[in-house]
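The same chain A turns up in both complexes below, where it pairs with chain B and then with chain C.
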Partner chain A sequence: MDAGLALSTVIAAMLGGAIRVTTPFLFVALGEMLTERSGRINLGLEGTLVLGAMTAYAFSYATGSPWIGVLAAGCFGFLMGTLHATICRLPGVNDIAVGIALMLFGTGIAFFFGKPYIQPTAPRLPSISLGAWTGDPRFEQALQINPLFLIGIALAIFLAWALKNTRMGLVLRVTGDSEAAARALGHPVMLIRLLATAVGGFFAGVGGAFLSLYYPGSWNEGLSSGQGLMAVALVIFARWDPIRCLYAALLFGAAGALGPALQSIGVTQGYYFFNAAPYILTLFLMIGSAGSKRALRDAPGELSLTR
Partner chain B sequence: MTDIARSASAASQSVFDSDWMIRVRRGSEALAIPIAALLVSALLFSIFLLALGKSPAQFYQLIWLGGFGTGFSWSNTLLRAAPVMLTALAVAIPARLGLTMIGGEGALVLGGFTAAAIAIPMIGGGAPIVMHVLMFAGALAVGAAWVGIAGALRQFRGVNETISTLLLSYIAIAIMNFFVEGALRDPADPNKPSTKALESVEMIGKLPGIDVHWGLVFAIVACVAVYVLMFRTTFGFACKIAGGNARAALAQGLPVGRLVIVATLIAGACAGMAGYFEIAAVHGKANASLASGYGFTGILVAFLARQHPLAIMPVAILFGGIAAAGGIIQRRMGLPDATVLLLQGLTFVVLLASETFYGRLTLFNPKARTDRT
Partner chain C sequence: MTGMTSERRAIGLEAVKMRKVFGGLVALDDVSLKVPAGTFHALLGENGAGKSTLVKCIMGFYKPDGGQVLVDGRQSAIANPREAAEAGIGMVYQHFTLVPSLTGAENLVVSRPRGSQIIDWKTEHAALEEFLARMPFRAPLDKPVHMLSAGEKQKLEILKQLFLDQRFIILDEPTSVLTPDEADEVLGLLRGMTKRGDVTVLMITHKFREVQAFADDLTVLRKGGYAGSGKVSETSIDAMAKMMIGDTQIRERAARVAHKDAPVTLDIAGVCADADDGRAAVDGINLKIHAGEIVGIAGVSGNGQSALVEVLSGQRPMREGQLTIKGADFLPSRQSMAKYKVFGLPEEPLKNAAVPNMTVAENIAFRTFDQPPIAKLGWWLSAGPMRKRAQELIARYRVKTPSADAPIAALSGGNVQRAVLARELSSEVDVLIVANPCFGLDFASVEEIRAQIMDQRNRGAAVLLVSEDLDEILSLSDRVAVMSEGKIAYVEEIGKTDRATIGHHMAGHGH
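For the complex of A and B:
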């Protein structure tokens, strides 16, 4: 295979891979961003993601409609978020520790009830072809876009607008920046955080649905490999801004697609190393962004993460 | 509330209550609340089993039988408890400094892998003692470095230690897989990709009279040593102050940065030691089964033990027993292998919710009502 062809194959595979791999990152990151803007951190979204993947697959299999699966995943994510917020509102409870516990709990439920769904095939989400104009089958395949990806982009834009321009967005930001100010203004702080965490859980559940219903497109216990966790780091890197979450998710998606893309042209050496690329990237981004003054300035004031 | 604030409020109570009475009350509080949390999660899990049409009585009977009922099950339990004690220490030591570090799994995997890699050129070389000393030192050093990185990043770059330790765990597993499936794969091994196995005579032997390896003794010694270090030395006291209020500790002239680094190095070395024994006494070679979740069970055990090194021992044995009973529960009751994981997750959630009761129950804090506004 000559070098030019190999390169364009890798680029096509990375583009397609990035679009596919980005979606779960994007949904979890938007959910985490919403939760953290209310002043709380939910590390349990990894568990929510796995649970969402399992419920989406199970409901899609049982009802024959993948969209019902997506909705069910969101609802279970909503419940997990509600549980997190309910425990965290008790005085003296550490939100980071609760997140770790819910990571274990969500994974436990998903594995426990997911056993019967490892074998059967559930109807998967459809995709939209946007690549016909390229006339290159590799790019056509890469541009098979899932509607959830487009919904995610629309959601990021909507959240950016809503946080800036609506009353609800303002109330959320006040709660996240200063609990005392929110209380003084008469806002129900705990209720706002509950809603922000629950809706954040809903998004993470939908992100999980993408994993099992589109790419990789089946349910098994090794489905999520820390995407939920990386999304938490991604939110710090994106400095709590929905649009920057979108860019960061694309970057992570491209990093995640590197291993499979190289494999597609026969480079199998170092497969595990390239699979670890997103974790290494996350770590370096955190080293670069966590201590910086800019990140600290943009962080919600009530967040225990950056203290 | 921090420990310091707690002891401050305890001091204000001493006018009304004698000193040892407060100690007894605090001690029984630290014992009663986790036990109550355990019982509540057992109850919730029973309801869950009933809803599935399974018998809770049979479930707990099988845990007893599979974990503690016979000599065989005891050795199975202790075999699992030993690494969990060490990974729990890897959580408890940084917790004393106010750090939530959960990278035990990564340090165990990488420490174990290092031990296996060091052994490769020396297998069958006739100097098993030299080999084991080098393996042990390598595993501890790499484990220490792995958690120490997260400690340094936290101290000097402000990187959140919870997220970085978890990421480092994923990276550690990837590094092991990279070598085990590549450069260090033993071509003679017909099963899944592994490094070259130790010869069976070169493995660490069993303790006299019981079917458990020496790792258990090392784990118990480590728990006691960490207890002495963290509760009975100036180093431990300095750590506690730094964990309570880093700024106050700096004002006192305490080297907070150095304390964080040393504590995280010790924590990582504990997990690395667990990895060494998994290689030297259990598996004999490094492969994917090294990442079997001992690190994650250790997190739960450390929290349930209230981050106390001595309490870690019984709690680790309890969860070792539950894990040991997993197989028999699977076979006899037809429940999936994730049952143990689910029970652990549920216990963890209930336990953290129970943290809210510390300092609020009048039984243990006679003046609690008036203390709080």
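For the complex of A and C:
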């Protein structure tokens, strides 16, 4: 194969793959970012993601509308977030331990209730063709974009704006940075954290819906490959900034698309190694950003991670 | 509502027979306090005298068990800080309540009780500028608060109260984090505002100098009760001190023994160390301390003093530099500290020099537990000798503890400090590193501890004293060094300098 052609094929495949793989990362990361900005870590988002994927598939199958599936996934995510925040309210409860418990709980009930939905086919989310102008079928295919990806970008921009320019955004940041200050201002700290965690759960649920209703686009027990957990690393790497969350999600997405992209031009050697790229990236980013004292400076002051 | 719609004037406040009981302890015993509108009132008292309790009852943090608060002569029931704010009473706490990651402007806007959901920054900034223009002092509004100096934060805290239209402002030890110049500036401006009748100020303090320079009236509390009050112009410092401490016996400090041509004991050469966030905290410190000398390090907190003490006591890695004791290399480890007789009284001793849940006897044995008679064969510990030694030291250093087997966390601050003192000073000392040794202690303990430090100096120890209390440094040191932004900005013999010069160097205006 011509080297130039191979390269452009890989780039096209990586671009398409990045756009596809990015979306769940983006939603979970934005959800986690929102929760952490309120001063709590929710490690249960992996469970929320899987449960969201299952619910979305089930509701899409039952109602025939994939968008109802997305909404249902978000609502179940909201409930999972509420559950996390409610348990964390109890005295002496550690948010990280609760998160791990809820991660196992979420995946557990998703597998339990999801058994009957492995076989049937549910209606998928549509995609929008944005690549006609390129005149290159490979890029046309790569630029088949799911509306959720665009919604995710809009959400990141909106959150960045809202954290700076709305009263709620400021109050959220106060709560995450100094519980004492929030109390002194008379804000209900626990309620704010509950809402932030619940809305964060909603986002993670929507991210799960993308997995089962678009890419890979079916419900099975091996659907999530740890996106929910990697999103925690991603948020630290993005230093709790929504726009940087978007960039970081694109980076993770591109790393995730590396294996399939190389396979598309016939490079099969080291397939599993390239598929592991996102995990290796996570590892290195964690080492890099854990050592980085700058990351700690930007961290919300009330996070148990930094205290 | 931007805090400037109504032109509120100063309000007066009176607390009548306030009483607060915690468990069986009477923290506040029928205390009355009268602050007329437009005056500057100082509330004096030792730690534990009930100043904070009184103020917290006024602010609605505590529900008083008796008494009432009159605002402008009318009885007011203030149930929580929010109601206090609505009545026009605001408080500036000793520990800042600004949110570190938010900018000054964001902090002001978010502190407003009401406001529109979407913030129009253009109008807000214009309104804030207009507000600042009417104020006697400014603070930067566009930088995140964690980047501001302590003085700027303190000003912003006060501006916040004025922005919220609070006309009775309570200040809790407002100058403990400021340089003398900053303190004079801020208090002077507030004094001007009270004179114009814009605000009323109630300031908790223990600095007589500030009371004399800025306050109109004063009220003194002692052990939870009312001890006296009066006009500042008619009260001498001696009278204030007498009201504060009552008839407590204060230990006389030994006279300073002159040491001639003493050799250098501790040599700190080119020491650099990083703070937790990677920035340089200690940036090339050179200091020689002679035997029988106290070198006091003054400075506003957060200029690297704590990091320097942590380096010297082995709690923080040294990036560069060298420490020598009597000419020999010194690396702060337990072994070499024992070898070179290096001892220390770090700040917050319960956190830095004790294990809270271990007993007093165990805490006192930290330096000696692996040596005979407590340890046999180097590993078998016997509790008997450990307790016996602890009981001797408890008696000698007058540590008030239920028993040697009580957890050290159960002791009061002064007694934890005495227990640590007993451990650190009971053998021969060559180098003594002391940081804010008297912070939060009562008069008697303060004098006791200062006398012990002076004794060690007179016996020939090289003492490094880090303190945020300039009076402590002025009264104990032979030489003064000022730390500013991780560097030594100034060193001078105590006889050749004064408070003002040191203050200028603390503020970084020494050159």
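Heads up, the rule we're going with is that the second predicted complex is superposed on the first by the 307 of 307 C-alpha atoms of A that agree within 3 Å, B and C clash if a C-alpha of one lies under 4 Å from a C-alpha of the other, contacts with A are read in each partner's own complex, and residues count from 1 in each chain.
The definition used in the following text is that a residue touches a chain if its C-beta (ideal position, glycine included) is under 8 Å from a C-beta of that chain, and two chains touch if they have at least 3 such contacts.
Worth saying up front: this structure is predicted, and the values here are computed from it rather than measured.
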*Which of the two partners, first being chain B and second being chain C, lies in contact with A:F111: first, second, both, or neither?*
first
*So, does A:I11 touch the first partner chain B, the second partner chain C, both, or neither?*
neither
*Between chain B and chain C, which makes contact with more of the residues in chain A?*
B
*asked:* Let me test your reading of the model: by the given contact rule, A:S178 touches which partner, first (chain B), second (chain C), both or neither?
replied: second
*asked:* Is A:V267 touching anything from chain B or chain C once the two structures are fitted on A? First, second, both or neither.
replied: neither
*For A:M286, select first, second, both or neither according to whether it touches chain B, chain C, the two together, or no partner.*
first
*asked:* Between chain B and chain C, whom does A:L102 touch in the aligned arrangement: first, second, both, or neither?
replied: first
*Go through the superposed model and pick first if A:N275 touches only chain B, second if only chain C, both, or neither.*
first
_Quick check on the superposed pair: does A:A233 touch chain B, chain C, both, or neither? Answer first, second, both or neither._
first
_chain B/chain C common contact set on chain A_ = 296
*Given the complex with chain A, which residues does chain C contribute to the contact?*
80-82, 97-102, 106, 109-111, 113, 115-119, 121, 276-279
_Touching residues (chain side chain B, partner chain A) in the complex_ = 1, 100, 102, 153, 156-160, 162-164, 166-168, 170-171, 174-175, 177-178, 181-182, 296, 299-300, 303, 336-339, 341-346, 348-349, 351-353, 355-356, 358-360
*Footprint of chain B on chain A - complex, ascending*: 43, 47, 83, 87, 90-94, 96-98, 100-102, 104-109, 111-112, 114-115, 225-226, 229-230, 232-233, 236, 269-273, 275-276, 279-280, 282-283, 286-287, 290-291, 296, 305-306
*In the complex of these two chains, what residues of chain A are touching chain C?*
165-168, 170-171, 173-174, 177-178, 180-181, 184-186, 293-294, 296-298, 300-301
